[in-house]
Structure formats: C-alpha cells, structure tokens
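Both complexes shown next keep chain A, but they swap its partner, so chain B is in the first and chain C is in the second.
This part shows the complex of A and B:
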C-alpha cells in the first residue's frame, strides 16, 4: 500500500493525470540541440516565486503609511528574525529578475524565436518585461526613503510634458499635486495586488503559447532547416528530441541553483550594489538629494530624455522605440532565423545593445 | 468595466514611459540661485565652497547662518526676515556658537577666545568659513598654528588627544559600514556624536592639564560604544559565513544537477 500511488491513482481515475503528466513531461519532446538560454524561463519562474514568497513575508510587517513605512522597513531589517534576509532577497531578486528578463529577451531576439507563428508569445513576454519594470518602480516607493520619494517625484513629473492631459496625468498618478500618502497607497495596491494578478494571468498565457505552439528549435547546426509558415495551426514537434522531463528539467534545475547562488552571494556580500545611500534615509519632501538618478535599468531612458531638446520628444521617441520592439514580429516577417544569414538584424541587434549600455553608462556618470 | 481596464492600462503605460525621467536638484534656496550667478566673494566662490562643505552635507544652508528668507527673492535679505549678513571678526564665535554651543563655551575660556577682540584666532581661522569640512586632528598642524605662535604646545595637545581621536574615527568608520549594510545605527551614531562633540569642545580649551584629566572619561565611553559595534560586526561576520556556505551549497546543487543530466545524455 503506497499512499502516494493511491492518491495518484485516485486522481488519475477522475482527471487522467497520468496521461496529462506524460504529455507534458516525459512525452513532451524538445529539440536535441536546445541550449542554456532556454533555461532562462525556468530561472525567471523560480525568481518570481521567490519574490512572491519574500513579498508576502514582508507584507506581514510593512506598513503602507508615509509616517510608518520607513520605520517599519527599519524594523524588518533590524528586529524581525531574518527580516534583513527576506528584504534583501526581495530587493536583490527584483534587480536580478530584470537582468534575467533582458537576457531572456535578447536570446529570443538573437535566435529569431519571436518570429511567426510565435508573435503572441513574444508580445506577452514583452508585456511581462514591462510589467516587471512597473513592479520595480512601484516597489521602489514603498520604503518611503529619500530615494523612493524623489525618484518617484521626478519620474511622475515628466508626465507634465504631455500636451493637454499632462498635468491631470501627473495628478492622477500621484493622487494629488505632489508625491504623498495617496501615491504610496496606489503604488502599494498596484504592487501587491494589481500587478501580481495581471502578471500571473500573463505568465499563464505566455506559458500556454510556448506549450501550444511548441518550443522553437535553436537555429544553429548543419541540420537546421528553415521551415515554411503552415497555413493552419501547427504544433512544432521534435520527433527525434529529448524528453522535457527528466532530461531538460534537470538542466533547468541546475540553472535555477546557479541563479539562486548568484542571488544569495549578492544578498550576503554586496547588498549595497542595488541600494544607493539615499535609500537608507527617510523621505524628506523638503530636501532634494543632489544628482538623484533612476535605477540602472531606467538609466538609458533617463539619459535619452536628456539628449532630446524637450521632454515630450524624448518620451515620444521612447514610446516609438518600445512600440517597435513590441511589434517586431509583424515587421520582421522573414522566416530565416539563423543569425549568420541575418547580417542586418545582427548588426542592429549589437548596435541596440551598445546604445543601451552606452546610454546607461552615460546616464550613470553624467 | 472596459473603461476601468483602459484607465488602469493608461496608468501603467504612463508610469512605464515616465520611469526614465529624472532630474538633478538641490536644496531650494533663493540665496544659492542668486549668489551662484554673481562673481567673487559674494557669489560663485562661497556658493561653490559651500557645496563641498560638511554644512551642505548636513543640509545647513545659507539662511541657517546668515538669516533671511530662502524662499523669497525680493525680501530674502531684509532685516524683517531675520537677515544677519556677514558678522564682524570678533563676533564670529558667537555666530557659529549658536549651533556649536559647547565648543564656543570652551573656546571662550581658552587663550584663543580671550584674545579674539585683539585679532586672536576665531573659528574660521582654523576651520574655514564656507568650505568648512569635517573637523579632524589634522587641523592641528605646524603650518596652521605657526601663523601665530610656536607649535610646541599644539603638538603636545595633539599627542594627548591623538589616541582617543583615532578610536573615534575608527568607530565612526565602522558605524558608517554597518549603516551601509542596513543596520539601524541611530543610537550608536547619537552616542558617538555626543562623545565626539564633548571631546572636541574639551580640546578647544587648549588647556593641556584639563585635557589630560578628562580624556580617560571619553575613552571609557568609547569602549562601551566599541563593544556594541563589535557585537554587530560579529553578527555581520556570522551572516557572511552562513551566506558563503549557502552559496557553496547552491553551486554544489547546480553541479550535481548537471552531473545527473550527463547520465541522461549518456543514455541517448
């Protein structure tokens, strides 16, 4: 009598779980030459799971009140057992998630995996990336530190540059003319409820797209052939492939371990990497710290805004750039995915990375 | 429902597009705005010097010393708004002493303070005015003191206070490191601040016997603070050991997983 087997038998008789598991694990075949970049999705899922867990624990003691928020964070860091660990895992984790998301997107771009029929997978992933950034921005305000307050003030301030609705938009985001209690309230609600719900739904859709269309074959090696776009729905099969479980899940597990090692190493040895000194002081609406700057992942946009003669033009150009990237599968309709056969794309791709890094460094040192 | 969704979407998009925007800003002060545009000793020099000062770091702005209204361009420098302007030479100790109360008291009792009316040294003689920096023991040096008298007595005072000053600066540096990694060092900082201020007011008396007699009391106070700091540093050390072990375990876990995967590859 094996209770686990009994339980599975019971479920199997009712829901057919064995067939489901076989179809999605052992019987689900992936391309043989699948590479390490394909594990980033699993790494991101694990990191988001950890964010959800640490975020929930932080909620136990965090108080979303301008008078108490900073004190509550200080208490979490100093008085709650392992509170410092939970908070630092959350803070460092949020930054690493952006790193892994960028890497995930760049690998998808390089391997041309965004191309049809995977437009919806790409768009949902792109929106997830943007939601991740909004997650970070809204979370940034919650400790109500000098950095939180002023970074949010200047970030929301730029909305005033939009003609006609600019001022109303600023007031709408802040819940008043300045960053205040109402801003904290709406950012908190968005961070702990609105965004997670939207995020979960979109992650579900993204994974559904990945599974439904099938994993794309890495466009490398002599046996790679460009396939035509089918006229009707077609699930990409890999008959000579390797099973998702255990062959691939164990690779995913290894990469999750390494990603967690990186997270723990930064958390224990260099937490200040993602926490500037201004984040350690309580918010003071009457004193603007000199040279306040956004987080590293917004530095490119910050610097781009400074280059343009006016903010509206800067915002519009960023909107166009982001819109173009989101809609890329609809502009880039060729079926060729091999980087060696796409010199123009690879050149633009490398230039794009250089511009991103260059603008970020310029923004950091300006 | 649709309208709510669109409103939320607009909010998200607006936030996203605006996140890159930022600006550099400073303490709002009409004093800085006007004077930084002027040349010379009433303009760019003092404002530039102030920016580098300990006062700027601690948000002590022009009006905190010189009075006036930092929010009103027209009336900023009127007597009605409390504008004081530049004090007379002999009035400088009282000017600075409004905040540095204890130091002024000891200075007044010292030889320095007693001869200030006759051109003796005042606060800015050693500390500068707008470029005032964190006071260190290096302010007592042969070049500076020899402007007025021989360096023999200052050298003795410096020797007497150097050990305690060294401990103070080491403890301050430790507290700053603990602060940087998120420890709540409020009480420690207050203790150190108080000890340092009292110790520094002591040697403004330039009375070697008084300094010798009272230094031991400061050393004892610092020893207590050091014990607390040591405890926190030990905690930090223990955390790092635990963190290092965890990192190693995770790397080991990853390597084991990769090894297991190789066995599957061998099966292919």
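This part shows the complex of A and C:
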C-alpha cells in the first residue's frame, strides 16, 4: 500500500485532481523551442514569495513609529539572531525583483509576445511592474533613516510640478506639507497591506491570462508561422510540444535556484550594494544630506526631470513614455513577431534601452 | 570504457536530484535561521539579582517588581524580616493580590488564597508560590 497514492486517490475521487494535474502538468504542452527567458515568470513568483515571507518576519520586530522605526531596524540588524539575514534578503530581493521584472518585460518585447491576443497579459504585467516600483518607494521610507526621509521627500516632491493640483497632491501623498509621521503611517499601511493584496490579485489575473490564452511560440526557427488573430477565443495549442512537467518545471526550478544563488551571493558578499551610508543615520528633518539620489531604478526619471527646461514638461514626457509602453499592443498591431523582420521596432527597442541606461548613468554621476 | 551519453530523461532526473538536495540544504539552513530569529531574545539578566530599597516595603506591606521577566513580590511580615515570592498563581497563572487587612494573597481569578510564606490557604491552587532567596545589603534587599 502506497500512502501517497492513497492520498491522491482520496482527493481524486472528490475533486478529480488527476485530471487537473494532467491538464496542467504532464499533458500541458509547451512549444518545442521554448527558451530560458520564459522562466522569468517563475523566478519572479519565487522571489515574491520570498519577499512576502521575509517581509512578514520583519514585521515581527519592526515598529512603524518615527521615534522607534530606526531603532527597531537597528535592533533587527544587530541584536536579533539572523535579523541581518532576513533584512538583507528583503532589501536585496526587492532590487533583484526590479532587475528580473525589467528582463521579463524586455524579453517579452523582443519576442513580440505582448501582441494581440495577449494585450491583457501585457497590461496586467505592466501594472504589476508599476506596483513593484510603488512597493519599493513605500518600503524605502520605513527604516526612517536620513536616506529614507530625503529620498521620499525628493520623490514625492516631483508631483508638485503638476499644475493647479500639484501642491495639494504632494500634501495628500505625504499626509502633510512635509514628510512626517503621517507619511510613515500611510506608506506602512500601503506597503504591508494595500499593495500586497492588490499585487496578489493582479498576479492571479496575469497568470490566468497566460494559462488561458496559451504560451506563445518563440518567434525563432524555420517553422515560424505568423498566427492570425482568431475571430473567436482560441487557446494556443502546441500539439508536438514538450510537457510542462517534468521538462519545463525542472528548468524553471533550476532558474529559480540561480536567482536565489545570486540573491544570497549579494546578501553575503556585497550586502552594502543597495544600502548607502545615508541609510545608516536616523532621519533628521532639519538637515538634508548632500547629494541625495533616488534608487537606481528611479535614476532615469530623476535625470529626465533635471534635463527638461521645465519640470512639468519632464513629468509629462515620462507620463507619455510610460503610457505608450502600457498601450503598446494597441499601437503595434502587426502580427509579425520575428525580430529580424521588425527593423523599426528593434531599433526603437535598442534606442530605448540605451536612453534608459544613459539617463541612469548620467543621473548617477551628475 | 566508453559510456553511452545520458538520455535527456536521465539528465533531467540527475538535475532533479541535485536541485532537491540543494533545496533541502537551503531550506534547512533557512529554517534554522528562522527558528533563531523567532526565538525569544536573550537580553541577559536571566540570572541577575534584583535590588529593591528597603523603604519600598512597609512592615506588613508588599512591593511588586519584575524578576527574571516575571512578576514577583517582596513582603516584610515582621520588622527586618523579608520574603520574596513569585506573584504568579500556581493554578492558571493569574497575578495574585496582596490584601493588607487579612495579611494574605488573594488570586482574583478563582479566589485562590496564599499565606505570606507562599503556602496555599484555600481555593484551587495546587501548590505554594515559588520563593526566592533574599539577602539584606545595607538599605537594599537583594533578591535572587
């Protein structure tokens, strides 16, 4: 008698799990030429799970109070056994998530997988990316260090450039004219409750879209065919494909492990990478440290704001750029997905990356 | 000796075993850190003595204080004679009250009663209150 088999039999009689498992694992066929970039979703999922876990653990000792926040974080780092590990994993993990999100989006762009009929997958993913950034922004304030305080001041200040309602908007976001305990309260609530709930729901929708529409075939190789937009709903099947399990699950797992290895490598050998010296001083609202800069993933926006003659113009151009990216599948309606056959797109793609990297470096060194 | 190259299936199984082993190791290491992270923090002072000034304890009165992280009480039943007891009721852990008039402890939860020596006088408590050693040191009382 095999207890595992018994348990599955028991479940199968009630919920039909065998059929479910077959449909989603062994019998779920993926394109034969699927590549490593398709694992980034699983990597991100794992990383988010870890953020959720480490975040919950940090909540055990963190105190969201302007008088106590910094001391509680210092205590986590110095007194609680392995507190440093949990906090560094959370900090480094958040940065890596942005890196993996960018890589995920860039690969989807390059392979043209955002095109119809996958507009909803793209848009939900794009919103997830933005939620990720808000996660970072709100989490940044919580340790209540000099860096937290002034980076948040600078970041929220940008909204002041919007005409008429700008000042009110800034005050609304901060819960007062300057960053203060009200800001900490609302950022904390968002970071630990509001955002995770919204994020979870949207991840669910995103995965639903991925599963429902079917995995797109990588646009490489001789057997590439342009698929027409079907007239009615159609799940993209890959009859000669490879099974999701075990073929792809093992690849997913291996990539997740690589990502985790990178995470612990940075945590152990370069923990200060994302923690500049200003993060080690408690916040002082009466002293602005020199050279306060946003996190690396906001540097492009920060520099863009600086080079435009007028803040409003800078802000508007960022809005247009982000809006354009979000709505890309509606502008880019061609069905061709092979990069070699999309010279205009690939040129813009490379230029876009160059502008992002260039602006970020410029922002970093200016 | 030449061997046939491993089939994709064999390679997958091999990779699976390696990943499972690394995963088990990592989960173990992380699990241990997690356990330590959540264990009570040893803030020292576990076996430290507590010093209470004599003036705080009236004759026939009681003074409550924290000893090793738990409520405790020190009494002066007769001039110059001090008794230190745990204030945690031995029944279900409520904190006992000192009743001046009757010179005994009353537990507010289920009306357990204790003598100044800690002995049970009545009610559900199964055994006496724990006692702590007391040393006189000038104007202070050293407990523990």
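As a working rule, the second predicted complex is superposed on the first by the 365 of 366 C-alpha atoms of A that agree within 3 Å, B and C clash if a C-alpha of one lies under 4 Å from a C-alpha of the other, contacts with A are read in each partner's own complex, and residues count from 1 in each chain.
Criterion: contacts are C-beta pairs under 8 Å (C-beta built on N, C-alpha and C of every residue); 3 or more make two chains touch, one makes a residue touch a chain.
Keep in mind that what you see is a predicted model, and the values were worked out from it rather than measured.
Student: When the two structures are laid over each other on chain A, do chain B and chain C clash or fit?
Tutor: After superposition on chain A, chain B vs chain C: clash.
Student: After superposing on the shared chain, does chain C or chain B touch more chain A residues?
Tutor: B
Student: Is A:257 touching the first partner chain B, the second partner chain C, both, or neither of them?
Tutor: In the superposition, A:257 contacts both chain B and chain C.
Student: May I ask you to decide whether A:60 touches chain B, chain C, both, or neither, giving the answer as first, second, both or neither?
Tutor: second
Student: I'd like to know which partner A:194 touches here: chain B for first, chain C for second, both or neither.
Tutor: first
Student: Taking the superposition as given, does A:285 touch the first partner, chain B, the second, chain C, both, or neither?
Tutor: So A:285 meets neither chain B nor chain C here.
Student: Looking at the overlay, does A:246 come into contact with chain B only (first), chain C only (second), both, or neither?
Tutor: Both partners, chain B and chain C.
Student: Given the touch rule stated above, what does A:265 touch, chain B (first), chain C (second), both, or neither?
Tutor: Only chain B; A:265 stays clear of chain C.
Student: Regarding the shared-chain residue A:27, is it in contact with chain B (first), chain C (second), both, or neither?
Tutor: In the superposed model, A:27 contacts neither chain B nor chain C.
Student: In the superposed arrangement, which partner chain does A:16 touch: chain B (first), chain C (second), both, or neither?
Tutor: neither
Student: Name the residues of chain A shared by its contacts with chain B and its contacts with chain C.
Tutor: 246-247, 250, 253-254, 257, 260
Student: Enumerate the contact residues on chain A facing chain B in the complex.
Tutor: The contact residues of chain A facing chain B are 32, 74, 77-78, 84, 87-88, 130-131, 133-134, 137-138, 150-151, 154-159, 169, 172-173, 194, 242, 246-247, 250-251, 253-255, 257-258, 260-261, 264-265, 267-269, 271-272, 275, 277, 280, 286-288, 290-294, 298-302, 304-305, 311, 314-315, 318-319, 322.
Student: Residue numbers of chain A touching chain C in their complex, please.
Tutor: 57, 60, 79-83, 85-86, 246-247, 250, 253-254, 257, 260
Student: Chain A touches which residues of chain B in the complex?
Tutor: Answer in residue numbers: 8, 11-12, 14-28, 59, 179-184, 239-240, 242-244, 246-247, 250-251, 253-255, 257-258, 260-261, 264-265, 268.
Student: What residues of chain C sit close enough to touch chain A in their complex?
Tutor: Against chain A, the touching part of chain C is residues 12, 15-16, 19, 22-23, 26, 33-34, 36-39, 41.
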